[in-house]
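As written, the chains take the letters A, B, C, D, E and F, and residue 1 is the first residue of each chain.
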Amino acid sequence: MRKVLWGDYPAAELRDLAARDPIVVVPIGSTEQHGPHLPVQVDSLLVAEVARRAAERGGDETILVMPTIWTGLAEHHMGFGGTVTLDYSVFHALIRQVCVSLTRQGIRRIALLNGHGGNIVALQLATGELAREIPGVVATATYFLLAEQRFAGILERQDGVRHACEAETSMTLALRPDLVDIEAMRTVDAPAEGMLSPGFHRWRPIEHWSDSGVIGYPPAASAEKGERLLEAAADAVRDALVDEELWTPPAAQVTV
Amino acid sequence: MRKVLWGDYPAAELRDLAARDPIVVVPIGSTEQHGPHLPVQVDSLLVAEVARRAAERGGDETILVMPTIWTGLAEHHMGFGGTVTLDYSVFHALIRQVCVSLTRQGIRRIALLNGHGGNIVALQLATGELAREIPGVVATATYFLLAEQRFAGILERQDGVRHACEAETSMTLALRPDLVDIEAMRTVDAPAEGMLSPGFHRWRPIEHWSDSGVIGYPPAASAEKGERLLEAAADAVRDALVDEELWTPPAAQVTV
Amino acid sequence: MRKVLWGDYPAAELRDLAARDPIVVVPIGSTEQHGPHLPVQVDSLLVAEVARRAAERGGDETILVMPTIWTGLAEHHMGFGGTVTLDYSVFHALIRQVCVSLTRQGIRRIALLNGHGGNIVALQLATGELAREIPGVVATATYFLLAEQRFAGILERQDGVRHACEAETSMTLALRPDLVDIEAMRTVDAPAEGMLSPGFHRWRPIEHWSDSGVIGYPPAASAEKGERLLEAAADAVRDALVDEELWTPPAAQVTV
Amino acid sequence: MRKVLWGDYPAAELRDLAARDPIVVVPIGSTEQHGPHLPVQVDSLLVAEVARRAAERGGDETILVMPTIWTGLAEHHMGFGGTVTLDYSVFHALIRQVCVSLTRQGIRRIALLNGHGGNIVALQLATGELAREIPGVVATATYFLLAEQRFAGILERQDGVRHACEAETSMTLALRPDLVDIEAMRTVDAPAEGMLSPGFHRWRPIEHWSDSGVIGYPPAASAEKGERLLEAAADAVRDALVDEELWTPPAAQVTV
Amino acid sequence: MRKVLWGDYPAAELRDLAARDPIVVVPIGSTEQHGPHLPVQVDSLLVAEVARRAAERGGDETILVMPTIWTGLAEHHMGFGGTVTLDYSVFHALIRQVCVSLTRQGIRRIALLNGHGGNIVALQLATGELAREIPGVVATATYFLLAEQRFAGILERQDGVRHACEAETSMTLALRPDLVDIEAMRTVDAPAEGMLSPGFHRWRPIEHWSDSGVIGYPPAASAEKGERLLEAAADAVRDALVDEELWTPPAAQVTV
Amino acid sequence: MRKVLWGDYPAAELRDLAARDPIVVVPIGSTEQHGPHLPVQVDSLLVAEVARRAAERGGDETILVMPTIWTGLAEHHMGFGGTVTLDYSVFHALIRQVCVSLTRQGIRRIALLNGHGGNIVALQLATGELAREIPGVVATATYFLLAEQRFAGILERQDGVRHACEAETSMTLALRPDLVDIEAMRTVDAPAEGMLSPGFHRWRPIEHWSDSGVIGYPPAASAEKGERLLEAAADAVRDALVDEELWTPPAAQVTV
C-alpha cells in the first residue's frame, strides 16, 4: 500500500514529492454531536478515511493527505453539547495558512475535501477568496455529494447522506464499531429530512428539526454497507481528483 | 399604491412603523458586466424592483424596502470591466451594520433579498453568522430562485435565470428599454450553461465559460416577458415573506 | 443630455471610457433622520443629483457617476430612528474596495463627493489612507462646502447648509415635493445653529442641540430656491472637478 | 507647584485621585521632520509642556497629565526622514486602550490634547467612535487652535500656527534652545501657507508645498515670544478644560 | 482502560461528563521538519500520546483529551519543507474558539498541552489573553519541560529535549518504528545545541544552527528509552494536572 | 557627551545618520503600579535611562534612542490602579509601525530594549513575526536579564530583578529620589518571589502573590546601588548591541 499521509514522511521526501506536482488533499471534518449512538468525531473520522483510500488508489497521480482539520462551522449543533465550532473568519484563516504553507513549498494542486454539511458554503466562499491570492488551484468538494449517485445505489432508506444517519452510522460501524451504541442506534427517533426549508433561508439550530440530533434512519445501518459506502466515496473522490480539467491553470491573465 | 420605500419616510413615521413589527427588505444586487447588451446595473435594478413590487402587495403585513446594496461579490466578472466587487469580510460587515442599525430601532424581521448569483453563498453564511448576534430573524433568498417554478412557465429558451440572459434581458427591457442594446442582444454569442461544474468546485472567472460574458439566450428576450417575470418574482417573494413560519422566534434557549 | 451614470453603460463601453482617463464621481450620502418634514433619504438624493448635474456639464472632461453609497457615519442621528450608520472601519473598507475595483480597470481619477456632514472627517482620513495604496488620485469634497459662497447668495435665513434646513428642504422640494410634509416644514421648531462647540470637541447626539432633529430654518424653503441651489452646487462641483491641478500625479517619488 | 504628571504618582495615590473625578489629559504629539532647524520631537515636546502648565493652573479641578503619545499620523512628512507614522487603525486602537485602562479605574473625564495638525481629523473621528463604547466623556482639542486668538496677539508674521514656523520655533527656543539650529532658522526658505487647498481635498506630501519642510516664517521666532505662546496656550487649554459644559454626562438615554 | 478521548464519546455522554467538572486537555503539536530520519508529524504524535496516557491515569479526576491541534508556529522550519505554520493571530483565534466552545458547555478547566518549542511563548501569551475573557481557568505547559527532571534521568546524551533528537527519536521509535529511517538516524550530523543565543534575541531559521534540521543526538535513541520517556512525561503531566492549586478560581474580583 | 536621542535631531541629520547604518534602540517600558513607594513610571524611566547610557558609550557604533513606548502588557497590575495596559495585537501593531517607519528610512538594525517583565514573551513573539516582513534585523532583550550576572554582584537581598524591588527602587532613587516614598519603601511588606509557578502556567493577577504589589526587598535599596545598577545595565546593553553576530544579515534565502 502506498504511503499517502503527509505526516508519515520526513521533510526531505516531501520536498522531493512536492517537485513532482502532487495533489494534496486536506480533509476537513467537524467535532460535533451525532445523535445518541455515534461519537462526536464521526465527520472527521470519515473524511480522513475517504481521503486516505482515495489517495491510495491515485494511479499515476501522487496524492498526499494532510492531517485532518477536525473543527469547522457547527454552531447549529452546539445545543447538544460535545461540539466545537469556529467562526467563518477563523476557519478561513486557518485553511488559508495551511494552503499558503503548502504553496510556499511548491504545491500547486490543493483539494479541500469536506465531510461536514455545515462547512459547504464556507468552503465554497473560501475557495473563491483563496483563488485571487494563492498560486495554483485550490478546489473543494464534499465527499458524500461527490458520491451521491454511488451512495443512492447502496443506501436502503435514504437517497443521500443526512446527519448521524443510515450512511454515517454504517461507515462508522465499518471503521470503529466499538464507538457505536447499537441499542441507541436501533431506537433513535429522527425525522427523515431537515435543515432545509423552501422559501427564505434562515439559520436554525438542529433541534428545530430533530429532538435527537439525528436526521435520517440509523437503524438501517450496517458495517457491510458502511464498507461499501467508504469504497464508493473513495472511488468518487479519486475520479474527481484525477480529472485533468480540474487542475488546468487559470486563464493566462485577467484583462482588468 | 402603498409607500414602501424606507427612504421615502421621515424618521418619526419610521419609528411608528417600527413599532408595528414590519418586515424590512434589504435588496442586494451588484454592479457588474452583463454582456454587450445590458448595463452594469442590471442586478441592482431588478432586485430593487422586485422588492418594491413584493412590498406593495404585502396585504396585512407592513413591508418596507431599504435602499439597494449595489455591490457584492463579483470578482469573477472583473475581467470584463465595469464591475465593482467586495471581499466577503467587507460585504458581511456592511450588511451586519445595516442590520444592527435596524434592530437598534426595534426591527425584528429582516429579509436580505438577493439578485446576484455571486452573493448566494456569502449571504447564506452571513445570515448564519448574524443569527447568533442579532435579535430577531435575518433571512435571505435570491428572488429568481424563489420564483424558479413560476419563471419556468414564462421563459422559452431557458429553464431558469442564467447571466444577462433571456430572463434578465427581458426584465431590463420591461423597466429600462433605453438601456438595452437591441442589436447586441440579438447577435450575442453565449453558451447555454456555465459557472457550474461537476466534481470539485473551483473558482473560475466567467470568461472560462463565455467569451461574451453572457450565459443563456438573450435573443429570446422581450419586454412583455420581462413584465410577467417581474410580476411572478414579486408574487414569489411576497408569498415567501408573509410565511409566518419564517419569522417564528428561535427556540427559547440554547442548552449549551 | 450626456449619459453619465456608470450603471447605465454596458461593460464594454465602460472599458472604452476607462481608456480615456475619465473622472469617476462616487456620491456618498446617508440614510438618516431629517426632521419631521423630510424623508430619511435626503442626503443621498441630493448628492446623487448634484453629482449627475455636475457630470452632465463636464465639457471636455468625461465624468462618470457611480451609484450612491447611501449610508455613512450617522450615529448622532440614531436617537430619532430611521437612521442607518456605519463604523469608520466598515465605511473605509467599503469605499476602499469601490476605489480598488475602479483602479483595477485603469481609472486614475476618483472623486468621493459627499453630501453628509457626519462623513466629512471620515472621508478626509480615508482619502489620506487610500493615497498610499491606490494608483492615481482619490479626492474628496462635500458639495455644500464647495458651493458655500454660491449658496450664501441664494439662502435667505442661513449663511450655509445646516441640517434638514432651508437649503436641504428647498432642494428636496425641487426634486421630490411629494416627500416633503409642508405642514411640518412650516411649524418645525429648530435652533439656528448646532453640532459645533467652541473649545474641546466632544461627540454628542443631535438631540443635544435640537429637539426636532432640525438645525436651521426650514420654513424659508422653496422649490424654486432649491433648483437654484442644485444648479449652483452642480456648477461648483463641476468647476472643482475640472481643475487640472487636482489631478496632477503625485511627486515622482518619496525620498524615504 | 502641584504634582500633575500621572507617571510621578504611586498607584495608591492615583486610586485616591481617581475617586475625586479628575480630568486626565493625554498629550498627543508626533515625531516628525520640522525643517532644518528644529528637532523631530517638537510636537511632542510642546504638547506635553502645554498640558503640564495647563494642569498646574487647574484651580479647583484636579488635572492629571499622562505620558505623551509621541507618534501619530505623519505620512505626509515621511519624505524628509526622521519621521514615525501610524495608520489610523493603530492610532485609534492605542488611544482606545489607554482610555479603556483609565475608565476601568473610574476616570470619567479624558481630554486628548493634540499638538500635531495631522492628528486633528483622526482624533475627531476617534472621539466619536469612543463615545459609544466608553463610560464618561472623551474630548479632544488641538492646543494651538484653542489658543488661536491668544496666539494672534503674540505672533508677528503669522496669524496662526503653521509648521516649524514662527510659533513652533519660538516655543522650542523657550524650552530647548540647545536643540535649535539658529543659523538654519534664520535662512530657511519657506512659503507662508500650505497643506490646504480650495476645492476637493487630496492627500499630498508636504514637499508639494515646501522644499524645506517648513511652512511659515521661522526667522521671526524668539524665546521670549515662545514663553508667551506657551503661557497663552496653557491658559487656553485650562479654560477649555474647566468648562463644566464640556463634562456634563450624555443625555440620559438614546431613544433608539 | 478508561475512554479518555473526547471524540470517542457521543454528545449526551459529554454533556454528562461536563457536569462533573472534568479537566479537558487540548494537545497542541506541529507539522514540521524533524530531520532526515523522522516524519513531520512527530510533535503532534507525541503530544497526543502523552496527553492520552496522562488522562488514563487521572485517578479521581476525569480528564478528557481533545483532538490534536496539529499546526502551530513553525516558520523557522519552513526552509526544510514539509512544514505547516500559522501566524500567531490565527493560532490564537483557533485556540480561543476551541476554548469558547468548551466553556459554553460548562467546561471550566482547560489545559493546553504543548509539544512544540515554537509554540511556547505563543501559548503563554494566549493563555494570558484568554484569562480576561473566558470563564474558568485556561492553563498551558509543554510536556517535555514539565518532565524535564524525569527526562534527565533517562536520556544519555542530552540533558533535555532538543529537536528531532535522542528524546523525540526514542519516543517515535516506541510508537511508530515504521516511520523512523534508522540509517539516517544513525548518521545524521547535528549540533548539540541551537535556537538559543545569549544577548539580544533575534528570530533565525533553524538552518542557522543546523544543516540537517536536527539539534541533539539521535543515534542514541532507542524504543525502550522512548517508552520510558513517554511514561515519565505522562506521569509529569498527570501530576501537574491534578494539582488543586492550578484550578482554584481567580481572586474574587479585580479592584479596578 | 554624544547626542543619542532621535528626537533631539532635525530630520536632515537623521537622514545622514540613517545612511551610516546606525543601531536604533526603541525603549519599551510600562506605566503600572510599583508598590506603595514607587511611581508608576518606573519601567519607562529606567529603560529609557539605560538605553541612553548604553548609546552614549557606543564607541565606533552610532546608536540612536527613540522615544520610549510607555505602555505594554500590564493586565496583571490593573487591580492596583495607576496602570495602563495594551492587548498584544495593539502592542504588536504599534511596534510594527514604528519599525516600518524606521526601515522606510533605511534603518536596518533595530533593538527593542525592554524594561517590563510583562512584555517579554510579547516581544519575543513580535520579533519573530516582524522578521518575515521587515528588511534588516529586529532584535529584543530585557535590560535586567542582559545584566543578570552584573546585577547579582551588586544586589544584596535579591539574585535578580523582581518587581518594585531592591533593584528597581535603587535605580529610581538614583534618578528621581523626589518620587520615592522612603517611609513606604522601608515598611512595605512583600514576598521574596512571585509571578512564577512550577507546573502548568496560568495567568494570575499580581495580587495572587503580593498584597502590596511588590515582589522582592525594597528596604535594601539605595541611590548609590542604583547608580551602579544603571551603569552595569548600560554596559551589558552596550556589549550586547555591538556584538556583530547579532546583526549579520539572515541567510541568503529560504529554500521553501
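In the analysis below, a contact is a pair of C-beta atoms (placed from the backbone, for glycine too) under 8 Å apart; a residue touches a chain by one contact, two chains touch by 3 or more.
From a predicted model like this one, the values you see are computed outputs, not experimental measurements.
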Chain B to chain C, fewest steps along touching chains: 1
Of D-F and E-F, pair with higher C-beta contact tally: D-F
For chain D paired with chain E, centre-to-centre distance based on mean C-alpha positions, whole Å: 49
Between chain E and chain C, distance of the C-alpha-averaged centres to the nearest whole Å: 57
Junction residues of chain A - those touching two or more other chains: 15, 78, 80-81, 83, 87, 89, 104-105, 256
Residue ranges of chain B touching chain C (in the complex, touch as defined): 5-15, 18, 31-41, 44-45, 66-67, 70-71, 77-78, 80-87, 89-90, 93-94, 97-98, 101-102, 104-105, 179, 181, 184, 213
Interface residues, chain A side, partner chain B - complex: 73, 75-76, 78-81, 83, 87-89, 111, 121-122, 124-125, 127-132, 137-141, 146, 197-205, 207-208, 239-241, 243, 245-246, 250-251, 254-256
